[in-house]
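Structures are listed in the sections that come next.
Below are two complexes that have chain A in common, paired first with chain B and then with chain C.
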Partner chain A sequence: MRKQNRFAHLYLVLVFAVLYAPIFYLMYYSFNSGGTMHGFEGFTLDYYREVIQDTRLIIIVINTLVIALLSSSIATLIAIVGALAIQRIRSRRGKNSLLSLNNVLIVSPDVIIGASFLILFTIAGVKLGFVSVLLSHVAFSVPIAVLMILPHLQEMSPTLTDAARDLGASRRDVLTKVILPIIKPGIFSGFFMALTYSLDDFAVTFFVTGNGYSTLSVEIYSRARQGVSLSINALSTMIFLFTILLVVGYYFLTRRKSRPAAVSESVAEVGVPR
Partner chain B sequence: MKQLVNTFLAIFIVAFALMYLGSWMNKSEGYSGGNTLTIYNWGDYIEPELLKEFQEETGITVIYQTFDSNEAMLTKVEQGGTTFDVVIPSDYAIAKMREEKLLLPLDHSKLSNLGNIDPRFMDLSFDPGNEFSVPYFWGTVGIIYNPGLTEGIDFSSWDSLWDSRLKNKILLVDGAREVMGMALNSLHYSVNDQNEQHLQQALSKLNTLSPNVKAIVGDEIKMLLANEEAAVGIVWSGDASEIMDENDKLDYVVPEEGSNKWFDNMVIPRTAANVEGAHQFINFMLRPDVAAKNADYVGYSSPNLPALALLPEETSGDTRFYPPAELTDRLEVYDNLGKKMLAHYNELFLKFKMHK
Partner chain C sequence: MNNKGKPVYLIPYYLWIALFVIAPVVLVIYYSLFDLDGNFTLNNYVNFFTPVYLRMTLNSFWYAFLITAFSLLVAYPAAYLLTRTKHKQLWLLLIILPTWINLLLKTYAFIGIFGTFGPVNAFLDLFGMGEQQILFTGFSFVFVSVYIFIPFMILPIYSALEELNLSLLDAARDLGASGWTTFRRVIFPLTISGVRSGCMAVFIPALSLFMITRLIAGSQVITLGTAIEQHFLVTQDWGMGSTVAVFLIAIMALFMIVTGGSRKGVQK
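On to the complex of A and B.
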């Protein structure tokens, strides 16, 4: 038993080593004064300085963040409405076909979505740039957020809303005080999924960027054609550390709020004793 | 509910604050308004120092974007959603853009340095009178070979490629015009030949070449040849000079039957936002010192006569890359064959590839 346990641990360590090795490899060489990814010559912070001084790169990072934050929150708001609407449909067939349409959008290749958007924007006369990127990111994020929110809606017992209506809650109250608090975890997971999708999307964004407006994934791709400079390593390291900080911060935040309270909170808000 | 509203409000506030910061940085860097110039060029095809120099001299901020094929560039320019001020396509793409009215005519009075261009490279078939374009770099298509691996074969004729000693040793660049042109040249036809019988002859001659062909590859041909993975390659002269920089054992030759000479030219697309700045940039690139610096960095042949004098003698005197007029006169520029003929070329090339 013990032996088996140790084996499992070893396996886990191996898997994580494989997953993280490329990232650490990249981080290690971001300090290489030699300028290439082979042969470590000496320690330098030059590439970090280069990134900080490269205003255009920083503007692109900001663009990427703005697009990710805006598109995922807009998409989440749309997805809440969408999920509620799907949930309301009584006929099983109608519900299933809407859900399948939603899923088709998730599995369809990014390249095709990107090309279609390019054609659409061209016909509609939308100039490529901030607006086109934002619209397309919202569009491909909505189905993901819907998929995150729906299970929470389906889990919710219909008796809860019935009880709320019986106790004299208005339609609005039922929505804001019963339904939304219960599906809150779904909303947040939908938001974060959309956020990561938007941050690293390349294929769709590649088609709809233009006029000097660019996001990080597209910029790194076009720089990579001339060989990846170590300043990209430095930038990636900085972004990686920033993500780690966020995750650690989130971990401590959720640790402080004891879990049972978080679950009963929604129920407490409606005033149902538990 | 309150938490939800607050969180999303916070996210929106952060996003708008970032957006404001971004646009403020944009302005402070001069990336907005009429003070920018967007240049669309091949990857790694300009000395980066020159962009800074231009910026200092004129106060115009340059936004530099790159493409990796004429076709990709054409798609973006045709689409019209973007405003590029200066684009640097190849000859046949310029003919196509001119046909589709995608270009603005150049104002020659604003290009005082235009006289620096070698008259041999002015007024070419794809743009008579240089109404729309100014040469940037030029070159040839030829054979690069490794004397150590080819047993002293003389490559001054295309026919040498059919030598049985070269079995499985040749790399071809993946371009229908280049490979078909090579076959047509070896039969003493023009690279622009449209005669069906001649084309079929070229195809069957190509098919007999297949035992010697190791692979048909893209940009990785440079790496493969430099690492001596193959003995012979059909490449553009610019690639050849890059390969020879990495591995000086190799040599380059333009066969005597003739070949293609190509030009990359600066043009101003119709959608340009800063036409004045675009002229300034083109004129800047035509200055001898700038052209020489650029040619030194990129390694392709400069069409700028006074610039040649500024280049080291071993570069400008190298007849492999700066061939004398009697050779260049024999070389041909690709004509725009039209959609149908080009599709036919592609189809024949595909047939050859399948045969392979």
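On to the complex of A and C.
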């Protein structure tokens, strides 16, 4: 029994090691003065300096953040409406078909989303660049946010809205004073989810960025295709630290609100990689 | 709430569905019917059934199958062992954390690791196997993809295992089942739904990946995803690209119906 236990631990340790090795490998070589990802020659912060002084890169980072914040805000607003729309349909069949339509973009492969949006924007005459990237990020964030909001709406007791109506609340009051406060945690996690999807997205953005406009992951891809450059390592180290900060922050924020639900929710939030 | 008409505030959502869900699918199907010069043709579909595209489709399936199978092989024991640890929540969070890191950065790391002077080759050298060309092979593509997808396989299996009633295991043991029999006859069938959703979360993206193939496998591996990207962004042959996309959509839909249908059967 004891021996089996040790083997089990070894296996888990191995899985974790493989999972984290590439990340730490990247970070380690970001300090290599040799300029390659093998043979550590000496410690240097040159690549960090390079990243910070690269104005083009800073503009790209700002682009990425602007797109992420803007698209997830818009997507969350549309998603609130969408969740309400799905909720108010009475027939089971209608509800299911609307839900399936909602989920199409979640299960579709990114290449297809990217390619079809490229056709769409070209036909509609939208110039590829900021607008097309923003619109497509809004588009693929909506269904995720809907799925985060909907459970909260379904848990809400319908008698609450009836009571509010009986007490003379207008439709608008019911929405702003009763429904929205109740589904607030869902709105919050929907927004956060949309934000991370947008920050991470590569494949869809790659299709709809024209010349001269770029987000971080598209830039990383084009640099990585040219081979090893340690400024990518430095950049990824910074992104990694930022990500951890974001995740830890989010974890504690949600944990304070509803302790037991936090982890199961964060499990549910992991989608297909983009 | 009353159902009199559709309130105005619902319009943005329905507009979103029409513009970004229905229109793109229709447009892809429409474009698949045109050739490079914009003439109506069914040639794209004829072309798809030539050996070049059929081999590519088979290839794509084979790699997606390998990736799914290896992910499952690694993830199932890991998920099982995770349910047995103390501080489960913490370990689970540590499994999730790498998924938040941009997949391109993780892929990029493997360019260094698998490179000619990278640690893997140094390790092989140590055992006298000499330097191997690891980068730009099918192996490196499968390895990196499995690496990327493992968390997405572990999580659904983990939650299925968490729901497992432990007294069933005791019962199996009391009735004299060996460890392997218990696993084969009790644990695995009861967690099959987790396995299924894990496989779905891995198989479909694996069919359509193009960035990992481009960065890690060079031109050695061509999947449906790479073909679509190539047609749309390099050769500008949108018609043929759309045709490949139509087939990918059809395959996916079929896959969903098959797996979705059997899930209903299990629940009954």
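The working rule: the second predicted complex is superposed on the first by the 226 of 274 C-alpha atoms of A that agree within 3 Å, B and C clash if a C-alpha of one lies under 4 Å from a C-alpha of the other, contacts with A are read in each partner's own complex, and residues count from 1 in each chain.
Just so it is clear, contacts are C-beta pairs under 8 Å (C-beta built on N, C-alpha and C of every residue); 3 or more make two chains touch, one makes a residue touch a chain.
All figures in this text were calculated on a predicted structure; none of them were measured in a lab.
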Touching partner for A:222 - first (chain B), second (chain C), both, neither: first
Which superposed partner A:251 touches (first chain B, second chain C, both, neither): second
Most chain A residues touched (candidates chain B, chain C): C
First, second, both or neither for A:82, with chain B first and chain C second: second
Touched partner set for A:177, first chain B, second chain C, both or neither: first
Chain B versus chain C as contact partner of A:70, first or second or both or neither: first
Partner chain(s) touched by A:132 [first = chain B, second = chain C, both, neither]: first
Which of chain B and chain C A:118 touches, first, second, both or neither: both
Touching partner for A:101 - first (chain B), second (chain C), both, neither: second
Touching both chain C and chain B, counted on chain A across the two superposed complexes: 77, 118, 225
Residues of chain B defined as touching chain A within the complex: 1, 3-4, 7-8, 11-12, 14-15, 18-19, 21-22, 25-26, 29, 31, 36, 38, 43-44, 63, 65-66, 68, 76, 79-83
Chain A partner contacts - residues on chain C that touch it in the complex: 1, 3, 7, 9-10, 12-14, 16-17, 19-25, 27-28, 31, 74, 77-78, 81-82, 84-85, 89, 91-113, 115, 117-119, 122, 147-152, 155, 158-159, 201, 204-205, 207-208, 210-211, 214-215, 224-225, 228-229, 232-233, 238, 241-242, 245, 248-249, 252, 256
Chain A residues touching chain B - in the complex, by the definition given at the top: 55-56, 58-59, 62-63, 65-66, 69-70, 73, 76-77, 118, 121-122, 126-128, 132, 176-177, 180-181, 184, 187-188, 210-212, 222, 225-226, 269
Residue numbers on chain A that touch chain C, as the complex places them: 8, 11-12, 15-16, 18-23, 25-26, 29, 36-39, 77-79, 81-82, 84-85, 88, 90, 101-102, 104-105, 107-120, 123, 139, 142, 161, 171, 196, 200, 202-203, 206-207, 216-217, 220-221, 224-225, 227-228, 232, 236, 239-240, 243-244, 246-247, 251, 263-264, 266-267, 270, 272-274
